Amino acid sequence: MDMTPAIAIRGLTKDFRVSGSSKRLRAVDNLSLEIHRNSIYGLLGPNGSGKSTTIKIALGLVEPSVGECEVLGIPSTNPAARTNVGYLPEAPYFQRFLTGRELLKYFGCLSNVPKEKIQKRIEYLLNRVGLEDAGNRRVGGYSKGMLQRIGLAQALVGNPDLLVLDEPTAGVDPVGAAEIASLILELKKEGKTVLLCSHLLSQVESVCDRVAIMGRGRLLMEGSVDTLTQEEGCSSMRIDQVSSELRGSVEQLAKKHGGLVSSPSRSLEELFLELANKKDER
Amino acid sequence: MLSWSISRVVTIGLNTFREAVRMKLFIAMTILAMCTLASSFLFREFNFGSSELKFIADFGFGGMTVFGSALAVIVTAQLFYGEIEHRTALTLLAKPIHRSEFVLGKFFGSWATVTCFLGMLSVCLVFVLWFRETSILEEYPDEFEGGRRIVQYGEIVWFSVVQVFRIGILCSVVILFSTYATSSLFAMVMGVLVWIVGQLQHIAIEARGVVDNLILKSVYAFASFALPNFHLFDVGEKLALGESLPSSVYLKLFVYAFLYSSFYLAVASASFNRREL
Amino acid sequence: MNSNRSIIPICAGLALLIGWAVAPLDRSIAERLGQNTEVETLRNLDSQFGQGLSVAILGGYRSVAANLVWLSMNQNWEQRDLAGTLGKLVFVTSIDPRPELFWLNGSRIIANDMPTWVIGIDNTDLHIESAEVRAISSQYANRALGFLEGSRVYHEQNPLIYIEEAMILWRKANDLEGAVGRFEQAIRAESPPFYAYRMYGELLVKLDRKEKALKLLETHYETLPEESIEAMKPVVADRIRNLRRELGH
């Protein structure tokens, strides 16, 4: 297996010129992170934290001001870096005049899917995202949830190694969101790497191996979900088949050694809000 | 390094063409242009005989030039800038494609759209002329030497081909402005401006030699050199008068259009490469 | 706007460069299409009708604009509106002086129709003897000739214009010598129609220059194609025979 990271970002800074003035706005500030292959990586942060800019830089849509970004070992400014990348943008806008099938064919051609395989691939993907009956309808008439699904299908059309999903469950009902989450987990099983941007923190928590939390363009915290959700001086363990006797004995033992027993861990959401509040206090 | 691919250009071009022909605007413009052509039937009221045919030809040629150019400006701006405005370019450019492939694909798609429009109009014009000529031939046989038809239908095809060259330049100009613009209106306004100035360019050429004011002279010199002379493509005035042009003129017009379009597209690609989406 | 503004001067510079490079091509096409004389026409037009008009009639709709004015002139003509018709005739030929149709039909309207509007009867030929009618007819004939004078820029060697002038001089102005001169110019112009010779011949007969008429028709007869109906070869042969008989050849 190739050991080069799926995405490697080193000292990345991006400044935008504010139109009509000489001022510059820093969207990403000295960001460094690595996303390993065959993992699900969550990128979190409030609006304006630099997540979207980071993704756009990784996809070659925006050039970095300072630093570098490599995708699958190739600099992101090189179009070749996108050969094995699928992207689902936030609130995806597609060519409304195309039908679902036409859209997938269009993106399939652009993703270098061989002509003889494209039809089969389209049917497979429509089936996989549950749009087999809507494939001949124009995308302009799709609901928000259907747009997300067709967006996922177009991201997958070239069978890429790396998927960049920006808010994949926005506008999708809870059942649909759960389906998308299980699809993401399946993709990992297939050996793919997923970079996930989401506001649904519980979802990120349930699927991601590692997460990075950004604020004002900076990396605030990065690590595995378990590590991040672990409170300092606290530890949680899972014991199956707990009887009331066993529970009483464990509690007694903890008290004996000066420990305090409470609910197992804080959620990622709690951590996120904590970090966001800290940022505001500063 | 990702190699540059003509097949991706064709894919983007075909999709652009598909978008254009599904646009309400395209259908509306086609109907409007055909109505204009049909209105030339009103000449019948005046009983002109064979000279009516020249009037119809003039009308058709005028329609092709004006509607063709207007469509080129509007459709190209919509098709190119529309992708940025509606954020569909984000998904597209996140695929393994070069920005220059996108620029060229959009150009060929828009160009093909207007070419298709011109093709339809010229078929209509040929039909209207043939229909009228046949009835005038019966009504006023004396006006036709030896009973021979006088409309040179081949020249109508040549006229359309020359307009396709003209539209090529105009589409590439609008693409160039679209790569730089922050609204499709800006690209359209600039396109129309270049169209008008280019149409009057021959006046700037002469005015350059006549005026004494140095500033005016420089403005005229800039206009006459920096912008294409669209008036060169107004060959309909010659053709409608029954004159045919040697193939060298068509060849020169093609080279002229090719040079200008290539130049604008090269600059457009460079400009779009730097654009942040 | 795009963040990089330095591209503008570079583009302008490159645009100038390409313009300079294609300038010879531009000139050669414009010359072949006769567009180098158009600026003169437009300048005349602007001086007559004010600035801005030329802008409106440029582009693909120049011919169309002229055609529309011509159509509206027809309404003035139907209403026998003398000033309106005359004004629009001048206007049409100023917008687009190239179609000979405008010149020929225009001059016929001035020379043939307008005198009848002034006199108020439909056939001036019946009253040609009256001095007053003759004066009016001659006045409009001169107007028509003046109108045709304007066609010279585009039709310097057009035989149809000379024939039209000759006919006006002959039939309306009664200037037969003048008509002879115009017919001479017509047959010397490039590819004159066959009827120019026949009509010129008739004028020479009327002037009692039968020898000259015979010589003209004989020379002309040699050049006539067999198969053309317009050439009217048998008619010309008949006329030559009659003239020979009259002259005792």
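A few remarks follow.
Labels A, B and C are assigned to the chains in the order they are written; within every chain, residues are numbered from 1.
FYI, contacts are C-beta pairs under 8 Å (C-beta built on N, C-alpha and C of every residue); 3 or more make two chains touch, one makes a residue touch a chain.
Model, not experiment: these values are computed from the prediction.
Most remote chain with respect to subunit B, judged by CA-atom centres, is A.
Once CA atoms are averaged chain by chain and compared with the all-protein CA average, the nearest chain turns out to be B. Look at where the CA atoms of subunit A average out and do the same for subunit C: the two points lie 79 Å apart.
Rounded to a whole number, the gap between the C-alpha centres of subunit B and subunit C is 33 angstrom. Averaged C-alpha coordinates put the centre of subunit A at 46 Å from the centre of subunit B.
Across the assembly, subunit B contributes 276 as residues in contact with two or more other chains.
For subunit A, residues that reach two or more other chains under the stated contact definition are 16.
Counting partner chains per residue, subunit C has residues 1, 3 touching two or more of them.
By the touch criterion stated above, subunit C contacts subunit B in their complex at residues 1-4, 7, 11-12, 14-16, 18-23, 25-26, 28-30, 32-35, 38-39, 42, 55, 58-64, 67, 71, 74, 96, 98-99, 101, 228-230. Taken together, the subunit A residues at the contact with subunit B in this complex read 16, 56, 59-63, 78-80, 82-83, 85, 87, 89, 92-95, 97-98, 102, 106-107, 109-112, 151, 154, 158, 164. Contact residues on subunit B toward subunit C in their complex (touch as defined above): 43, 46, 51, 54-55, 58-59, 61-66, 69, 145-146, 176, 179-182, 199-200, 202-203, 206, 222, 224-227, 229, 231-232, 234-238, 240-241, 245-246, 249, 252-253, 255-256, 259-260, 263, 267, 270-271, 274-276. Within the complex formed with subunit A, the residues of subunit B that make contact are 1-2, 7-8, 11-12, 15, 18-19, 22-23, 86-88, 90-98, 276-277.
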